[in-house]
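There are two complexes below, and they share subunit A, which is joined by subunit B in the first and by subunit C in the second.
== the complex of A and B ==
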């Protein structure tokens, strides 16, 4: 095998590190996207028996956005195995306890239950904020595009830009803004 | 319980109990424990195995088709063209390649696959198919309208 072919093979089977910003994203739609990269389904060499999955770092998992009233309605079930050991936790409650749990469970449930699933999950690294360890961040070579564009909020703009923004009217002096 | 000669196999068709059972035991030759030695258990398991085999013939085809589609979609994603547009574009150019061949090209011959996506992209841009917009990175050898028949 020539040196070129050898390097080509290393490059083909190398694990790539992706980063995904989960801020303002639907975790259940994002999980389908993340799953694709974790299992290696974005590579034409994919095969279920072929261990070609990549690593994914998910940041800002504390800022995920659940659709509708799912924070109040979605329930996570857990059973300790003992009689009466069942607990039901609401999504907002679970998110308060561990802000990485919802997205972790979403990705876990999006994959088929087989022997490979737990090892695939080990390649998923979730962080509630942007503080990722240096040694992990150094590996990253690709950013996964967010499913929805993140709008810039009014309080993110500098005050000067807000003041200078063209206006249609000035409010009257006695107008009460609510 | 393996037939070494054709003569024994011919004898096993008859009404004789030993030879009738022998035919079943032959199918269970690789089983473990009582599953291969006790006829009443063997026949149950052989029946089940034959049912699985029947279902598996269909499932195998579906599994392979799913794998091909996954691979083609992965290749399409790399070259920024939707799967449906690729198939439609190739069909319109009279490049009649099936899913199996496309997936093998995507896996083993990535440059050939890229050439096919270039053709399909050019055709999709000419015909206004959906999902293909940026014209900047297209292969310059294939020019606008060159794939349309005069």
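== the complex of A and C ==
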């Protein structure tokens, strides 16, 4: 058994810790990705009855991005069980109350409702920013690749780069700069 | 009578158009101009200035004779390409009209959509009106959260 195969063997049977940066990511597309690591579906030994799931740390969950106007169109429903106990909360309202809730619900809803789901969710650690406790961060050995590239703001580019970027158009000769 | 009228109108037209209308000038009348405002104590000094374009050395050369500048590049522009989109807006983030951008109709409409998308995502916060608070995180209610857009939703297809 080669060294690589041996490490692969260890990694398969141990609980690996993954980290995922959720900044500018769609939580509902990300949840399909995170779910696979949480349940261990990326391992060749996967079986629903085989408890081989990994841990996933999600950071920057406050900076998730939703497409278009989904922040005010997506609604979270809750019913207390009493008459008139129904409430509908908009996604941006829920995100304001708890910036980890949207991604947590997205991962929870992406999995089948069976007895394992609650225990699988215990292996998901979500943080609204980059401040992760050191004892958790020390376990991390893999970073899950982001689904969409993080956009860069215009004021984050150095002024020289903006000025010297190739220009598509020039101003007409009689133009008054504003 | 009609001949008399004709002569009179001819004379009138001549009198209007015979005025010395010089289309030739020794120096160039067309320059890129810039208006500066300087507050000196109580006085506000406004003065115009002839400037040379900062973009000229970095202008893309195109071999196309007919295509508009953006079509000639053959780029598929996304709303996150702020370095390109910022070339089509004024300092306050207002889109330049077509007579100034010189784009074709489709590209002008597409760029207008893309600029709006970039602004709603808060990717060009330094190109905003003076009354704007500049920070996308301080926007009202749902507008303060990150959002992205799908370019296929733009009704103007290339």
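Everything below uses one rule, namely that the second predicted complex is superposed on the first by the 145 of 178 C-alpha atoms of A that agree within 3 Å, B and C clash if a C-alpha of one lies under 4 Å from a C-alpha of the other, contacts with A are read in each partner's own complex, and residues count from 1 in each chain.
Please note the rule applied: contacts are C-beta pairs under 8 Å (C-beta built on N, C-alpha and C of every residue); 3 or more make two chains touch, one makes a residue touch a chain.
Since we're looking at a predicted model, the values are computed, not measured.
Applying the stated contact rule after C-alpha superposition, one finds that A:115 touches neither subunit B nor subunit C.
Subunit A is touched at more residues by one of its partners, and among subunit B and subunit C that partner is C.
Using the contact criterion defined above for the overlaid structures, shared-chain residue A:41 touches subunit B, although it does not reach subunit C. When both complexes are overlaid on chain A, the residue A:11 reaches neither subunit B nor subunit C. When the two complexes are overlaid on their common chain A, residue A:1 makes contact with neither subunit B nor subunit C. Contacts of A:72 after superposition: subunit C is touched, whereas subunit B is not reached.
Once the two complexes are laid over each other on the shared chain, residue contacts for A:177 go to subunit C alone; subunit B is not touched. Within the superposed three-chain model, A:49 lies out of touch with both subunit B and subunit C [touch as defined at top].
Annotation: subunit A has no residue touching subunit B in one complex and subunit C in the other. Looking at the complex, you find that subunit C touches subunit A at residues 30-35, 48, 51, 53-56, 58-60, 69-70, 73, 80, 82-84, 86-88, 90-92, 99-103, 121-127, 141-142, 145-150, 153. Of all the residues in subunit A, the ones that touch subunit C in their complex are 23-24, 26, 63-72, 90-92, 95, 148-149, 151-155, 157, 161-178. Chain contact summary for the complex, subunit A toward subunit B: residues 41-48.
The touching residues of subunit B, counted against subunit A in their complex, run 67, 70-72, 74-75, 77-78, 103, 106-107, 110, 113.
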